[in-house]
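First chain written, first letter: the chains are A, B, C and D, and each begins at residue 1.
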Amino acid sequence: MEKRARVLIDCEDGKGLVYKISKVFYDRDLNIDNNREFVDKEHARFFMRTVVTGLFDTEELLEALKAITPVDAHIRVIEPKDKKIILMVTKESHALGDILIRHADAALGAKIECVIGNHDTLETLVRRFDIPFFYIPANDMSREAHETRVMQCINEFEFDYIVLAKYMRILTSTFVKAYPQKIINIHHSFLPAFIGANPYKQAYERGVKIIGATAHYVTDDLDEGPIIAQDVIPVNHRLTWRDMQRAGRDGEKIVLSRALALVLNDRVFVNGNKTIIF
Amino acid sequence: MEKRARVLIDCEDGKGLVYKISKVFYDRDLNIDNNREFVDKEHARFFMRTVVTGLFDTEELLEALKAITPVDAHIRVIEPKDKKIILMVTKESHALGDILIRHADAALGAKIECVIGNHDTLETLVRRFDIPFFYIPANDMSREAHETRVMQCINEFEFDYIVLAKYMRILTSTFVKAYPQKIINIHHSFLPAFIGANPYKQAYERGVKIIGATAHYVTDDLDEGPIIAQDVIPVNHRLTWRDMQRAGRDGEKIVLSRALALVLNDRVFVNGNKTIIF
Amino acid sequence: MEKRARVLIDCEDGKGLVYKISKVFYDRDLNIDNNREFVDKEHARFFMRTVVTGLFDTEELLEALKAITPVDAHIRVIEPKDKKIILMVTKESHALGDILIRHADAALGAKIECVIGNHDTLETLVRRFDIPFFYIPANDMSREAHETRVMQCINEFEFDYIVLAKYMRILTSTFVKAYPQKIINIHHSFLPAFIGANPYKQAYERGVKIIGATAHYVTDDLDEGPIIAQDVIPVNHRLTWRDMQRAGRDGEKIVLSRALALVLNDRVFVNGNKTIIF
Amino acid sequence: MEKRARVLIDCEDGKGLVYKISKVFYDRDLNIDNNREFVDKEHARFFMRTVVTGLFDTEELLEALKAITPVDAHIRVIEPKDKKIILMVTKESHALGDILIRHADAALGAKIECVIGNHDTLETLVRRFDIPFFYIPANDMSREAHETRVMQCINEFEFDYIVLAKYMRILTSTFVKAYPQKIINIHHSFLPAFIGANPYKQAYERGVKIIGATAHYVTDDLDEGPIIAQDVIPVNHRLTWRDMQRAGRDGEKIVLSRALALVLNDRVFVNGNKTIIF
């Protein structure tokens, strides 16, 4: 039966890669629906994302691609199915709400397995959508003890990504390393400006004329992970920092949802501390 | 007791208006928290929006302002309280959902009295938020008969604005005239480009590089009412019109919510077929 | 000696095109520096732009590519060299000036052969840069007679493109057909809004909140040719149409220069009434 | 004879300021063409910019305004006339060129007194416009010695502003303090991101998806002065830092010219480390 798959290849660059890879597809009589490549010349690294349709055996296709690419090649043949995600939140509803509405409309491209909150503020909203909400407070507890409880909860589920939809606690190295390239965060500034706490207040005090939002993979370095998407909105002297915070929320939620759509569609390669977006 | 009010004045321009109006405030020892004026020189028309705080009697203040402004002056002294709105929808959830989430978070600045749909697609979503949903189908019915039923439903409520959150039917002149300057629509194009049906398909066929969304007051002329807010997003040759439609939804919902915030905060004056936004 | 070329292919879509084309490059031991493809599924048309480096004979490469592509294929192997352009202007200096400055800095990627004006307003500016200026007034002359004189002037030069840098006369069908896909215009609106005369006045009267500029190929239908680039800027009720015109000029010149860079780098395919931009 | 003036007032906030100031205008039978106010509540500071027309004596008007405003008031009554500016440049032509073209078209609103370069690269371009160019090299010279020579040159002229149109040397505290609120710089990043040297390389290495430009007053703290205007452009993984630099130039020149227009029209108040833009 005719199938469809996203083929993602990431390997050392070399002459003839496009030819050799497209030959694998051609020999199996596959259609190329969509094809994008990029060579990072600085690091001599080749990236390719191809959507193929036709009759193929996924394992056989994967083996054939491995045979003609460098040994370091990272190859994925992904048959489209809804991914699974876990959301982590604190008190603000805008980013969570935007994802819930898309989810309810089957427009998210992922199933929300559960929402974890370090406050119970958003429990009512989540339950309106018949999605499990786990309230795991951090009071009177070490950061490590709290994260252990969160990880116990997370590990009950199968999931592809953890989405921090305005989760306002800093994660430890242990947590981050447990889920490499699987945690996506929205930071409420135009990174790398205004790293850290209360970026809107920092922006207000600096007197900038534009504020922004940044969705990124979470790595061990706070607010330093590979950036997936950014956007900005103009501000002026009439806005207090609270006004900026309010105005910035639309940007935050849209950037997070945009990044999530890219990730869920397997359009993002992580390349060192950067991303390649196809 | 100290009060706060938005004073909106719209009258024929004349020398000394700022002086005379600010004297009224000064004589009553009111604080001016915020003040914006504009003179439309083409039509010799003066617009002013001032936020005052202090001890005042609303009726007395209104009379005092009337006494020193031209006879044609349209003056409002509005004490802040949540407005009431009615939503009209068809099948798409994004604009409605964005408003529902803000409403649930008390961030809308208005109470949603009810949602009216000509399809029942969105009933489940609305009911999740404990808001009345009225399904008024238009099948086997003249446009007039359908609107009569809708108006009967609307007229059961007190409300300030009717918000068409992707309501996909054209309203008759009778309907529009029944609620002057009270109906706000989101049109899924950068008006005046692509008036009428399926603007995304029109945009696709024209090969534009940017698509947009427009929030406007509804008047008797289809898609021709005063524009409140517009925004755009870049597109390219890789997007089908369905992709554009999907991509455009974020713009639509943000522009509608932005326009709604302006209107609900009494920041919009209608000036002929245009708006003045303070 | 190692050479570099841009290979542009535009043909009926079919299975294995990427494979067959990359095989031609592989067999000749060419490096692919950059490769982009697109399939217009609606019209089953394949587009590809590849930058290759290596030892090759341009004619032989072209023949090899023809041999493996459909008969309707339009194939170009372009060795980078500066293109030649002719500018046509009327009175406004901003779009012309932007191009002149880039030209003077060798940042244009083209040699300006001459500037033709239907007014002599800009002669002084052009002569400052030691570029020929031809003043061809249209007074007391039919449109056809004027264009005949312009065409005589143009045809004295070898050139790749005619750039209308705010040339404010409508061209006849005869003129346009004489230089197919060779005339690039900047229109001072966000097409298709405000086609025709004085788009800023139209925008002012409609009360839009955003204005724009559009660079496009000129075809026989006024303001209807394939769009290359567009951009927008926000406006508000405080701007008169003259203010909008002034504010719009920056957008116009930047959009025109951006479109010109794309065209001069052979990054634009015309596909019916649309463009594909790589 | 009827005159026109911009009245700029900046003082401690207090009740009745709008009333008292508009009374001064009213008592003199002046027309208010345009009026904008802002109160910085955090610092209890009032700002007002009014354009008045009528018959008035500038000194008398100034005295009358002083009489009714707090003692700390900074009041200016500015009769429109072209300002005078001095440009400082290094090697890049885009920002300089944009200003030269506006100047040649009488669209700058200022007279360029001279251009000073620490390299002679741009001398030819400047001389094309019949504007004096002073080449003051910094080779084999201390920073202080070089600046002394620059200041000798500057001080030969009357001027309102010094515009650093991509002047790539850091100015000493002595220089900056000699011209308070008179030096305007364009920084090639979205400040406060990427302060210091080679912001495009920093942006490339951080993998941001948007780059920007910032026009600001120069103060003693490098890249920390009050921001006048900012803008951004999207980038992606395909751009090298040199590509970003090229792409960023349009943003730089437009932001600088926009900031310059605001400053030359007396629309900018400096408020601590921020600006208020009317």
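In this section, a contact is a pair of C-beta atoms (placed from the backbone, for glycine too) under 8 Å apart; a residue touches a chain by one contact, two chains touch by 3 or more.
Please read these numbers as outputs of a predicted model, since none were measured by experiment.
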Interface numbering overlap (same over half, different under half) for subunit A and subunit D: same
Chain pair with the higher count of C-beta pairs in contact (B-D, A-B): A-B
Farthest-lying chain, centroid of Cα atoms versus that of subunit B: C
Separation of subunit B from subunit D, taking each centre as the mean of its C-alpha atoms, in whole Å: 38
Where subunit A and subunit D are represented by their mean Cα positions, the distance between them in whole Å: 41
Complex contact set, residues of subunit C against subunit D: 93-94, 97-98, 100-102, 104-105, 107, 125, 128-129, 246, 250, 254, 257-258
Contact set on subunit C toward subunit B in their complex: 38, 40, 190-194, 205-210, 212, 226-232, 236-238, 240, 271, 273-277
Contact set on subunit C toward subunit A in their complex: 15-16, 18-20, 22-23, 25-26, 29, 31-37, 39, 234
